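Taking it in order: structure first as structure tokens, then the write-up.
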Amino acid sequence: MKLTVVGVENIRCPIKIRERGGGRQSTVADLSLRARMPSETRETCLTTVRAIINKYQDDINPNIFPCIVDELRTELQADAAQIEMTFPYFIEKQAPITKTSSLMEYTCRFTCQVSDKQDFTISVWVPCTTLCPCSKEISRFGAHNQRAEINLNVKFTKFIWLEDLIELVESGSSSEVYSLLKRPDEKYVTEKAYENPMFVEDVVRKVAELAMRHDDISWFSVGAESFESIHKHSAYAFTDLEAISG
Amino acid sequence: MKLTVVGVENIRCPIKIRERGGGRQSTVADLSLRARMPSETRETCLTTVRAIINKYQDDINPNIFPCIVDELRTELQADAAQIEMTFPYFIEKQAPITKTSSLMEYTCRFTCQVSDKQDFTISVWVPCTTLCPCSKEISRFGAHNQRAEINLNVKFTKFIWLEDLIELVESGSSSEVYSLLKRPDEKYVTEKAYENPMFVEDVVRKVAELAMRHDDISWFSVGAESFESIHKHSAYAFTDLEAISG
Amino acid sequence: MKLTVVGVENIRCPIKIRERGGGRQSTVADLSLRARMPSETRETCLTTVRAIINKYQDDINPNIFPCIVDELRTELQADAAQIEMTFPYFIEKQAPITKTSSLMEYTCRFTCQVSDKQDFTISVWVPCTTLCPCSKEISRFGAHNQRAEINLNVKFTKFIWLEDLIELVESGSSSEVYSLLKRPDEKYVTEKAYENPMFVEDVVRKVAELAMRHDDISWFSVGAESFESIHKHSAYAFTDLEAISG
Amino acid sequence: MKLTVVGVENIRCPIKIRERGGGRQSTVADLSLRARMPSETRETCLTTVRAIINKYQDDINPNIFPCIVDELRTELQADAAQIEMTFPYFIEKQAPITKTSSLMEYTCRFTCQVSDKQDFTISVWVPCTTLCPCSKEISRFGAHNQRAEINLNVKFTKFIWLEDLIELVESGSSSEVYSLLKRPDEKYVTEKAYENPMFVEDVVRKVAELAMRHDDISWFSVGAESFESIHKHSAYAFTDLEAISG
């Protein structure tokens, strides 16, 4: 046990993320980093990561992120290095009928590990509505529904925009969720969810199918949590037993 | 500024709470305490509170709680002392149709401050369902609904059981929430919520009315948070501008 | 009970904060808003606040914030309105000896309530070190020390920069905390803390004295929490019994 | 993708854990369960787990826990089932010099997965003190120290008491942490930590060595987080790159 993995967590820093529409979005990232390395070089770990982040923080994107981690590994002379960068990402979204525009926020994460090989995962957490098929079927009117959150993690063979991943996920539930809805919009999403009942495991299967069909996705996992409106607990579903949603 | 208020937080200890049905329930409490006192006696603060809690922990109830705080104040020779004790409380609850029994958990809190006078508040947090009246009215079918949480804080003139407060709150929403429901029960709660649409502010008004009519309640505040199923944000309502839900 | 207070929480949006050094800092705010108003106008609450935030988000500062809340109240025809805006704020800070520069992050909050009068509070949370005077006195060598967090809330008669408030607080503990320290800096802060032992209540008194002497501060409260290194619990101190640190 | 993993989280229930000293300790557990199974049987998932927990809740121990999960899997006709049970566990602990006795609380977790084979892990989280060797070496007096938390996860070949695991971990840091210390005890732990400086990676190595030497432990992982007193961030160390502390 000569080598140990050392890490630093809870580093926050302002960054700019490249947007699909052109331009860059200012946000604030939570960083954690880990490195497996000879113990004598540990002291420079934090200094190094701060210098590297400073250098790249004004143009973070999926192309540059692995380079950042590789540079960290090289400078630390580490066996392996990993950076996890979590940030809120904002997308201008239109209400379905009135087309009222407002900002919707999504949690996103880049996780990249570099050793002799490189392993990069993008994660998004997307809020949605689930409406219970069983409740709809057995009740004379109404059906219990609730907010749910879908987590998609992907590895990819070609550059993917966060916007693309989020849109893929949003098409997989009873209804999308919005930050601003006027009355005609509220009528639309209420009826859409009622006509589109899905258990949380249906959501997971649907999003998994969409991910499977995507040419540029080489690996994925999906999880979904439903904040049950008739219970105090949450219902979950996952693509596999090890998948972790949060 | 000779006097400062000192405090200790994050003390957890096993306690037993007296139940309405007789008997005592084992649970685990989070304790925080505060005292305004001459700085020279601070050292004994934690020793004293631990000794007092040890003495009373096997039979905590609303009658004994102010005595615990008064004993703390006396032993510390403090000007004023306060203990806040938060704990999960379990009630055996029957599903509405099949009468299937299961444990439902509620967060409860005793907060008592003793100086030359005594001020004791009991708080309960109760999950419930809200179904949106607007969504129901404008939609051809369905209505968005979601889990909500109601917080009731009361001062009282006569002993009140936690069970009584929780039942009062549960009768104030579109539907109660359960920990176990079979299909006939799920049908019942789905239809009940649909026939009983309430905004989160309706819930606050209803619970406030029930509290106002209760003979033994001398003061109260109510807050409710609705985890909107069609939005990412929460909708709140309160009885007054200063009320805090959490 | 004709009027209820309604609110919305968990709205996140990108904002720019004016900096003391000139320029504006991009960050991400958590917004919550409350309004006391006739129930019939509630529907427009969220639309209104989003429109107003959009209008002002590129230049938030203590001068403009009350105007935002007042505009919200007027547009909602509300009796009273309140906005609470919490955000991470970054300041370039130099290590004490090597003058190595790095970004330090502080949590800040603007809370403003407007009714027939206006009530505006700025809050900052500042990490620091406390070194226990008792432990130092009784031990042959060493003294237990730990990270603590100081919360200062102020009302003011004249414009105050966040940078000014944070510097005021940082001068009140055993030692400041940094995001990047080289060896000579680490030596300096270790020795400084050892030569400057303070209980968490000493920190509260010191910061309170500094706030009292500040000409532009008309009201304040101070709280501090120390994450005790020899205990599992936290030690707190406050200027008064009602003060809440979090 | 015929099978999905379904789960339920946030179920709390009162349980009794068997203690090393004889007797059983009342506490409150957070339960989550997952099962991979044909979708048609999902409905009974929660009913089944509640019935099984009810049956065993008065005598939970490492011997019985895998049987609970196996019974769940059998009743659900699931391919694989997993229960994770997290709970606060209390141990009477004596201060090092005055032998003052008080309850210390530790977070513990049982995680068991049963498919055609069985995989059971016990986890404990133990607070401790770390004192920085570098700070001690370079400073004329004092040394920065802080609370840290050590997480040990083990698989085992023979029954192990939680008390045994916790004692193993507590012997691996600069100093143990206590819930109640009088002045002679505070002097003792201050001096002990100063004479026993350890980086967070030294703690991980030490606990790993102790676990490796234990005859009944067949697998383990260790992580430690140090709440740095001179920084805002946490320093971590792990036995391997995948280990997760929380």
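First chain written, first letter: the chains are A, B, C and D, and each begins at residue 1.
Simple rule for what comes next: contacts are C-beta pairs under 8 Å (C-beta built on N, C-alpha and C of every residue); 3 or more make two chains touch, one makes a residue touch a chain.
Remember, it's a predicted structure, so these values are computed and weren't measured experimentally.
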Steps in the shortest chain-to-chain touch route ending at chain C and beginning at chain B: 1
Identity of the chain that, by mean CA position, is farthest from chain C: D
Rounded Å distance, chain A centre to chain B centre (Cα mean): 34
Between chain D and chain B, distance of the C-alpha-averaged centres to the nearest whole Å: 30
Residues of chain A touching at least two other chains: 11, 43, 46, 105, 134, 179, 183, 232-233
Contact graph of the chains (line, ring, star, complete, other): complete
Interface residues, chain B side, partner chain A - complex: 104-105, 127, 129, 131-132, 134-135, 138-147, 175, 177-179, 181, 183, 186-187, 189-191, 193-194, 227-233
Complex interface listing, chain B residues touching chain D: 11-14, 25-28, 43, 46-47, 50, 88, 90, 100, 102-103, 105, 179-180, 182-183
Complex interface listing, chain B residues touching chain C: 1, 4-11, 32, 34, 36, 39, 42-43, 46, 80, 82, 113, 134, 199-201, 204-205, 208-209, 225, 232-241, 243
